[in-house]
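What follows is one structure encoded as structure tokens, with my remarks underneath.
Letters A, B and C name the chains as they come in the text, with residue numbers starting at 1 for each one.
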Amino acid sequence: MSSDILPLSGLRVLDIGRMVAGPFAARLFARLGADVIKIEPPGGGDPVRNRGPEQAGGRRGETGPLHLYLNEGKRGITLDLASVTGRELFLRLVALSDIVIENLEPGELAELDIDYTALERVNSRVVLSSITAFGTGGAYEGFTASELTLFAIGGHMFRSGTLGRPPIRMGGYPAQCNAALLAAYATLVAERARAASGRGQHVEFSIFENQVISHAQAMVEVSYYGEETGAHSPRGSQGNRGVVAKDGLAMVSAQEQQMPRLAELLGAPEELGRPDPMDASASKRELDERLRRWASDRSKRDVYEQAQAVNVPASYVAGPADLVDSPQYSNRGFIHQIQHQDAGTFSIPGLPFRWEGAEAPIAPPPRVGQHNAEVLGDLLGIERRQLPALAAAGVI
Amino acid sequence: MTRPLDGVTVIEAGEGIPAAYCCWMLGVLGADVIKVEAPAGDVTRRLGPFPHDVPDREQSALYLHLNRNKRSIVLDLESATGQELFRELVAGAAVLVEHGDPGWLKARGLGHESLAQSHPELVSTTITPFGQEGPYRDFAASEITLMALGGLMNIAGEIEREPLKLAGSPAHYSAGLFAFTSTLMALTLAEASGVGQLVDVSVLEGLTCSHFQDLVEFEYTGDVRRRGTGKMPIPTQDGFISFAVQAHHFPNFRRLILGADAAPDEASEDLINRDRQRLEGEMDNQILEWALQRTKYEAYFEGQTEAHIPAAFIAEMQDVLDSPQYEARGYFVELDHPDGESIKFPGLPAQMSGVEWEHRRAPRLGEHTIQILNELTDLTADEIAEVRAAGVI
Amino acid sequence: MTAPLPLVGIRVLDMGQFWAGPNAGRHWADAGADVIKVESCRRPDPLRIQARGIYPDHDPGGPKGDHWNRSGMVNERNRNKRSLAIDLTSPRGREIFLQLVSHADVVSQNYSSRVMPSLGLGYDTLSEVNPRLIMISLMSQGLTGPESDYVSYGQNLEQLSGISYFSGYPDDEESVALALPDPLGGASAALAVAAGLRHRDATGRGLHIDLSQRETASLVVGDALVAHSLGGHPARLGNHEPGANPSDCYPTRGEDRWVAISIRSDDDWARLCEAIDQPELMTDSRYVSIVGRRRHRAELDALIGRWTSQLDHQTAMERLQRLGIAAAAVLNPRELFRDKHLRQRGFWESTTDYSAGEQEYTGRPMRLSQTPYGGRTPTPGLGQHNREILGELLGMEDTELDALEAESVIGTEPILSASGGMAVAR
């Protein structure tokens, strides 16, 4: 039984990304069994480590939830890529790697002289995966971006929030996660192409363009009609609004053919479930009112479960506690427990898809430079006693 | 129990040895020393040595030694927010000690003049390679260059070979010591008068101070002391011994080496006229033979207890750690550390009959950031989280 | 460009409907896979027949009356594919499908969990026919678990995933609903299959990928889950991002026009002062530090808003970007369609659709330096390649194909029930 072979066994990935997009993609590779080495600046490491809250009594920068989430499963080394020696060590690692992932600022790779041309020279088979805001070429080339600004320009933001108030972004890191998932795909595809071509290539991904593509309906409308009709949730309305349950919000999304079942669930007269098309809005209002009363009388989870039990699409607004307690997530083993030397025990989501033997065991995220001795030793033959000089020179 | 500097808050800024050493001593005396480190940490965290040679910013011996009895806060002084927080810390402190390029704090709006405007009792001690003025002020420097410029290097080593630097960083440690004493003086004056001042310490001058004797000799006689006139240590069974025999020691020394029943020698008894060094030189073979019959400890103890002459063995590290003398005085301090094994550190060489020293381990990077901000600023928890997220603390 | 497309030689039977499934199919097709959109005349992709779809010139039927081939939502995400329309409920159709499975590498489906087994096309059956088959079931909540049978739309998944909890104004319980789970699911599926292909190469065995769109969406707020488990209380941030002060949208000239600005350092603030031509603000003690900018937020917002209100959002963005500040105009679809950056990048791709005429669609967000990624053929008409596929892969002759057509096992027009079109929940 080849149970030790994971999907990406044998692939070595160098993660020189910072914050979210690059490291998120790199973590997906780690979950799938690649050997992922995260390379951080010496000293404070990746600025993602500054995002808290930090655990009392832990080392600085080792216990922030965002870092813990994004860098699970990787080995961690430090290299000052701006120094001659640091760059040289990096290129020696590139020569032994399959994929390099980055999401640095525009022009930064070139400034450090580690752009694709430089990498290709030391390893013609390496795939460089660049997750960028706007890509190269075009009026916005060189623009810097944050999650807020990427979400803002990508199209979704225009419809969000209430008229009269600023548009509001989606929480978490939607633009970057959306991009990283697809960029990871494109990277694996480029890696696969090596079998036929014998060489690597540069994969460049634009987060902005991915957001635009993800805003599909509006883009098709404007392409076909010249403008968006706004038929689906214009700004200022939430379209299918939620209902208020005892402990939070829920939503019941009955379509026309599900109305009869909904009416029955609510104990409403049957006619309300099959309204006269001439009188639909009044029926709808009454049904909505009954739904509101019904929902206010039960927990959000009960609204969800009871509507779903009669095949009416429904949901509830799940907070992190709900996710951790979710029977669905528990059953599927989506959330893992992990022990970490600085943070203690915490929960972390795994991959959102699975098959037998697909996922590597969860491994704690590294301290800054934790694997310097191991990686530089095993891969580059650098002896331990040479490390202090490298540290003193600020290279590691 | 009270300590001399209880209630005194000291802010330490910059990096390297002298300010850290100075502030360690202030900390042992009871001051609350707040060490401000850049987000990457003090450079001494990178200099090691490290257990098993594996670099770890929390296990650098140099850092652990120099920074006991302190709390650590990270502040990025390149940012306006960091500079503003620094001002708030200093406003609650009696003393600021720093080591860096001349004017580095002033360039960030944190020079003494500016800080003292709202805090006239502030004592600022600045330690720089050459001092705050003069033609060398902005020159780059290191231990070896300062030792060379300070005159100490020229007289160390052998005349036929290149000059030699003394081991370790005595120039920087001396500067720390001078900063320590001057700071205490300025603090006393400030407490009495309500007015602080700027204490300007030059590492170079501290170095030169420690061998002023040669300078005075030169001024007096015109003679330039030449290196290589020191004596060679004498090999024993397991190490080296040396003797510093002066005129009045010589008879005892001769008896020690040649035996109590050695024939008297007129020349050696002539206290006024004898040529001690020549006489000692004539005994070279006997000295060697005598020493090789003994271990270094035996030679040392015999020389001291039987002949009452200044004798010393060349102590290696283990000898120092095992020494019954240091042990009797409780000189070494053993401290635990959350990241590594417990280590012995040198304590303070002075004992005060009315005070017992307290020794605490060096802090982790930024270990006390939140605690200090809560004590000395009015930042809310949210504000602290934001400043942290921006990497300023 | 020298290399062939990376997934050439991989064949996918894409049974996906609506958005996430076909989206994933398009990703594989773009990379060169032979993606066969497996449809059915009796149960076409609901987006082919939806009541309020998007049609060229608002004219569903068009010159040929084949509205099922003119749906914008279908044409947007099914390019580079061939279409086979086959009735899987008929024994002959099922048999043909199974034969195709033996010529395929991947079967992708996103029906509700009962459908494939009820068609006798569960993974057990398919893998018997083809032990090297990779099947991917792109489910809203996965194939297993107490809620796996529940039906949900994108908005429902957004709520269930944790995204809604964190999306919206901090002072308002309502959340924004922005339908990201579908493209997230498509991307997740694309990745899973790429990884599955590599796994299969190593083990020689097929596999069944069980993908949950709800779990995929949870990844967007995964750090909040970690924070919660450590005893934290992650909360809605609105437009704020930690460490950026301020971080928000500011009104610009015109109606409901905004520019988003992230001031991520004291340096950014100094440059903002420069950008708005008020350098004296750099030393204004109210704003010089993060703490000050937070404590004087109201004044700060008014100050910035006064400047932004005088400019259109595009200009505000460009002025700030010139000084290295992260700023972006909140663009509406029309502005995006005309956006000069996207045009200069050649992002929009023009195709002549099967029945919808020449249209422009979004292109691809990834560029591979050695490989010509992108659109090659437009979205196929329903069943457009029935004969080509069955002839090429199964060697079927015209007479046999004629018979299949006559029996409605294959076809090119929807066969709808008396109640008309249906939009079935996934």
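We adopt the following convention: a contact is a pair of C-beta atoms (placed from the backbone, for glycine too) under 8 Å apart; a residue touches a chain by one contact, two chains touch by 3 or more.
If you're wondering where the values come from, they're calculated on a predicted model, not measured in any experiment.
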(message) Counting C-beta pairs in contact, which two chains come out on top?
(response) A-C
(request) Name the chain whose C-alpha centroid is most distant from the C-alpha centroid of chain A. (result) B
(message) Taking the mean of the C-alpha atoms as each chain's centre, how many Å separate chain B from chain C?
(response) 65
(message) Can you compute the centre-to-centre distance for chain A and chain B, using the mean CA position of each chain? Integer Å is fine.
(response) 51
(message) From the mean C-alpha coordinate of chain A to that of chain C, what's the distance rounded to whole Å?
(response) 14
(request) Hunt down the residues of chain B that sit against at least two other chains at once, touch-wise. (result) 385, 388-391
(request) Identify all positions of chain C at which a residue touches two or more other chains, and write them in rising order. (result) 242-244, 264
(request) Provide the list of chain A residues touching at least two other chains, using ranges where the numbers run on. (result) 50-53
(message) Show me the residue ranges of chain B that touch chain A in the complex, using the header's touch definition.
(response) 38-41, 46-50, 52-58, 74, 339, 364-367, 369, 385, 388-391
(message) For a test of understanding, state which residues of chain A touch chain B in their complex under the given definition.
(response) 42-44, 47, 50-54, 59-60, 368-369, 372-373, 384-385, 387-388, 390-392, 394, 396
(request) Note which residues of chain C are touching chain B in the complex, please. (result) 242-245, 264-267, 269-270, 288-292, 294
(request) Would you pull the chain B residues touching chain C in the complex into a rising list? (result) 79-81, 83-85, 379, 382-383, 385-392
